[in-house]
């Protein structure tokens, strides 16, 4: 039994290696950042970092769910933007109206996710193409809703969620809540495991009697929901809505990068949303480093590009250990 | 927070109030030299890069340099949240003033609050803020539309078919310029038909959509283009479209063409405010820090030139890049950059 | 049969696109019996059981379970009716743990969430039932060797408490030891009153296990009979529908030329240690021993696929260092490797037979990278005739061929290169008796033509029947060399289990 | 006898259809795409008859040529089962570097075009190495390279190449119409296209691309130079994107920041609408041609119809989905 127990640890570690690595990288980078910031780790600095980190983290979680099914979602950014525009319209007024507005926003996210899911499952189109197209549609809707930037939000709620609770950023607590309410149960549920199975070996999963379509659908559904949560949060941070293709695009792509840095396999079936969250925080911290180190503004884009490239290339160090060339192929 | 005081303010000819009822700010004077930051958003286009170069050129000018302990520029890219975070960081890091070119004018309410609480002077330009809590250095976008429309009305005696090449949809700038044009044309009493296409302020896009419009509608009597003016005129020339009056932005390339073909009927009105407005914003910030009384909303003069006044080396530079934005002179503020001064700024020096 | 059947199929028909996989097929199985299904590749065995287990839907026909007519829309439905299948193509999820896989479809739950502890316990029980206690329930399936995975597959089925258990060539990847254990399990299950359906190309397995047999040919049911009521030859002839004899071609005396392939002190990681042997032209050199003792690694090492290989390899006396398949093709004597898994390593299933055939030889069929269509076409025709590849048209996807013909394509595509050293990695796995015979004869022809053949097989009869010499490997070392009539089942088995210390290590 | 890759069958390993039906199925996407083009023009002609006028159509083909070059490179990469997200800034690199070269006196003037293309190919080389040797998923590596390319351009030029004016050669190539008023750009695309078709159908390189796209492991064990092929494909993609950048610079007589941004998603969409499987291993260049023309027309017609951006986006997405639902669905597994 001792053998097994000893073994257990090894296996469990192997399972979470990616996540742990991402977490370590983030902590290191953030330490450097704080150490060089005039204001150090003051509440304002941390809260500021948290607020923008959580935005990307939520979208990255959304991306993770689809990537786990061996798909890719190019529309998360646009769902994010659409939710932002909806929120700037409906999340206002007294508690009741606000709550109702939030339901509208999240519901819209679910609808978008459902649409993606249905097209991928019953239309049998490739996820990447499907979401490329639906992304355009979602953006169009956002633009209908908000021809020009503006709108408003329940300011008390916004301040509460972008502020801090006894020095702990409220946005982080919200993220924690979402992880506990959505990710953790999913990870341990049958459907959650089915999502991994589908991503890892669809045919085998089907033969084993796994409910493939339900798994896929759930993944897209929750992906839409999480992206909408992100959009909601964006509205709290910006007090307004904007139908910006630029923002949508950059969040989609950064989410993919975050997912990879977070140790989720783009081939599906392996990885965790927690890892993706840390991946997102790593990406954000790259941006912050620009602030504390005195880069010429015209050097900044190059610096960010190089760091991003190195971050995603880090994984290929494992190649050095490959002894059987066949292991090089997926 | 600044005190709200009665006008008139300092240097009224430069810091011109937006309207009669514009309120004035007076910040508690601070001893210099100052730490000033420029929180830029997107950087990947010509206008923004020239703006940053101009800002640095201005900060390098001796009399300005003397007043600055530090001038820091950060570009946060497309992402609005990142720009807001940058402003918050500057506040936290105790900068005296922050100059922003907002990704989205509506979004700054929260940071303005925080800035005012921390006694930091916040000055917005280009994309100004929908707020009267911070200083806005405004270009009269609608006025620009009116300016172009008037030019067409003046040059097309009895109305006709106008091609309007619009900017990036969903932005207030595009909306204001568009309204300025349409309202003026409508008010002119002449008969106008306008065809709208979206040029996204991008030469390539503008050129493509113009070409399409010409291929389909064959002939226009006049053109207005919010940006990418060079591309639009190129498209007309490539399509062999006869030269007609054009109201466009202040790209050097546009003015080059106007200068070259003015004789052949390409009657241009080139107007806008170049990236140099960042200099006015910085100047305003310094003034505010020194305790001068400044309007909350400043109206920038438009830098305009019409046919036949295009002069090489004066209001355009045939030896310079087409992409260069020319309207860099604000004489009333003692600001006048030649292309060389801006281009001279090499990337390395900090 | 005396027993009244628990499950019956009548007049089952199924065709894929143009291909008729099954027509008028029928089958009846009873509890407490092991029913063997025999047939050539493409006879329709897998299709039949895919229909039984709800993976595909029949075009026509009826199925009865306990007398009631049934239809299974999905594998799930079949499972709920107590029918479980262990497929020829594995149905495991590589990225999940063994435990996760074993109760993939309906794990133990608490408050709607998966109960890890119970799951762990059930997994250990199931593994024990299948006689595979050595597998750690938390290990990722991805990290297990093929034979271990096959055991997990079996454990997975047992964990579901089946009424009818189907094994479609479930043993084709197993080592002798595992096969013995599985057989014990199957016999116990029979005793417990399960109905078992067993598909294998291994006659001796069937002879050992089966109570009833049904033979299929070209998608039709040709005969059902009680086990042992027919001689093996009759059986085989039923299967292949023609005269059947001389399975293995005669072994000519070896030409006494010097060795073309010499290996000295070859080692790799901890999987291969101090391998030394030499092979002569015209020789078929077998690799024996339990599965996974380094035979595959040895072949890969020679083919240049492994990194950091120690030792010397000489071809025609020249030391060579081969950096990969490409280099192997252009070695002093061209080399070919018939890989283990034809579906993922041998073929591009969706591409046409033609494209697959010419893949390795493209360089020879082209000038400055431009393919010479005429020569290509000729080469393809030649190969298809040489190996009698049954394909309606070389332009159809190779994936549409049956296992045997696919395997022929894998071999043919390398022969096109005219290799002088041929490495074969268990080439007859899942191949029917008739095709095997063809392959054995082909190998001998190639040897007689002067090629040197290194032949790894999980199957003793093959080694005995085909090889001039056999190197028995254990734990990455050559523990014994058998030549001529030393090569007996007994010698192979005994030396396979022997420990490195005891056996006198033979150096070629 | 041997099947040209253009009729290599469905992506599902289990597909078992016969040769005849095969041909039919494979041609369908291409036919459907061309069908949609006709449909689109007819719909357009309801708005204005000039959508059918030759000079409008030639005009569209000229603009389509730019996208066509990019989509060609993208297709090669997609056939490998990869994707190239570095298109936007590689296009810009092509434009800026060629115009920059034009600044170096007569020699630079002459070498402007090849130089621009070379710079693009160089980035493609980096992409290829990242994917083939470092084995980073192309989805993410090319994304990073795109950021790096942007950084380099912003830095190198600080917004303006010291010389960012296109050479007359570039201008002529992009906008000239010398032979019976057919745009030169169209000839450029035609030539590149012809070469691509030849490569894909007749050469070992093409065969290797399809093989790798289907199963890299088997291709490697068959002794194909998988890495070299992958790198070459990415270099081709980079070079062609840069070439498009060169032409775009010639088209608007100058290079400028972010000039490639509008081309990434349309390129992917065009390739997929043309029936190429995004998973690799299957697709025909004819389809890509159809896809490119389709996308170009769609954008142009919607814009000329003065459809507001919102509507344009929704229709654009809707049309892509609708068309793929008509013919782009892959067969169900098992």
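Per-chain residue numbering starts at 1, and chain names A, B, C and D are given in the order in which the chains are listed.
Keep this in mind: a residue touches a chain if its C-beta (ideal position, glycine included) is under 8 Å from a C-beta of that chain, and two chains touch if they have at least 3 such contacts.
Keep in mind that what you see is a predicted model, and the values were worked out from it rather than measured.
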{"item": "Those chains which touch chain C and also touch chain A", "value": "D"}
{"item": "Chain separated most widely from chain C, comparing mean CA positions", "value": "B"}
{"item": "Between the pairs B-D and C-D, the one where more C-beta pairs touch", "value": "C-D"}
{"item": "Distance from the mean Cα position of chain B to that of chain A, given in whole angstrom", "value": "36"}
{"item": "Centroid distance [mean C-alpha coordinates] between chain D and chain C, Å", "value": "43"}
{"item": "Whole-Å separation of chain centres (CA-atom averages), chain B against chain C", "value": "73"}
{"item": "Chain D, residues touching no fewer than two other chains", "value": "150, 154-155, 158, 217, 220-221, 309-310, 334"}
{"item": "Interface hub residues of chain C, defined as touching at least two other chains", "value": "55, 305, 324, 345"}
{"item": "Numbers and ranges of chain A residues touching at least 2 other chains", "value": "143, 147, 203, 206-207, 298-301, 325-326"}
{"item": "Touching chain combinations (by label order)", "value": "A-B, A-C, A-D, B-D, C-D"}
{"item": "Complex contact set, residues of chain D against chain B", "value": "48, 50-51, 53, 55-56, 59-60, 63, 150, 154-155, 158-161, 163-165, 175, 248, 251-254, 256-259, 262, 300, 303-304, 306, 308-310"}
{"item": "Residue ranges of chain D in contact with chain C within the complex", "value": "1-3, 5, 7-19, 21-22, 202-205, 207-208, 210-211, 214-215, 217-225, 281-282, 334"}
{"item": "List of chain D residues in touch with chain A within their complex", "value": "83, 85, 130, 134-137, 139-141, 143-152, 154-155, 158, 216-217, 220-221, 265, 268-269, 272, 277-279, 309-314, 316-318, 320-321, 324-325, 328-334"}
{"item": "Residues on chain B engaged by chain A in the complex (per definition of touch)", "value": "40, 42-44, 49, 52, 72-82, 84-86, 88-89, 91-94, 103-107, 109-110, 130, 169-172, 175, 347-348, 350"}
{"item": "Residues of chain B defined as touching chain D within the complex", "value": "43-46, 48-50, 53, 169-170, 195-198, 202-205, 207-209, 211-213, 215-218, 230-231, 234, 238, 253, 320-324, 343, 345-347"}
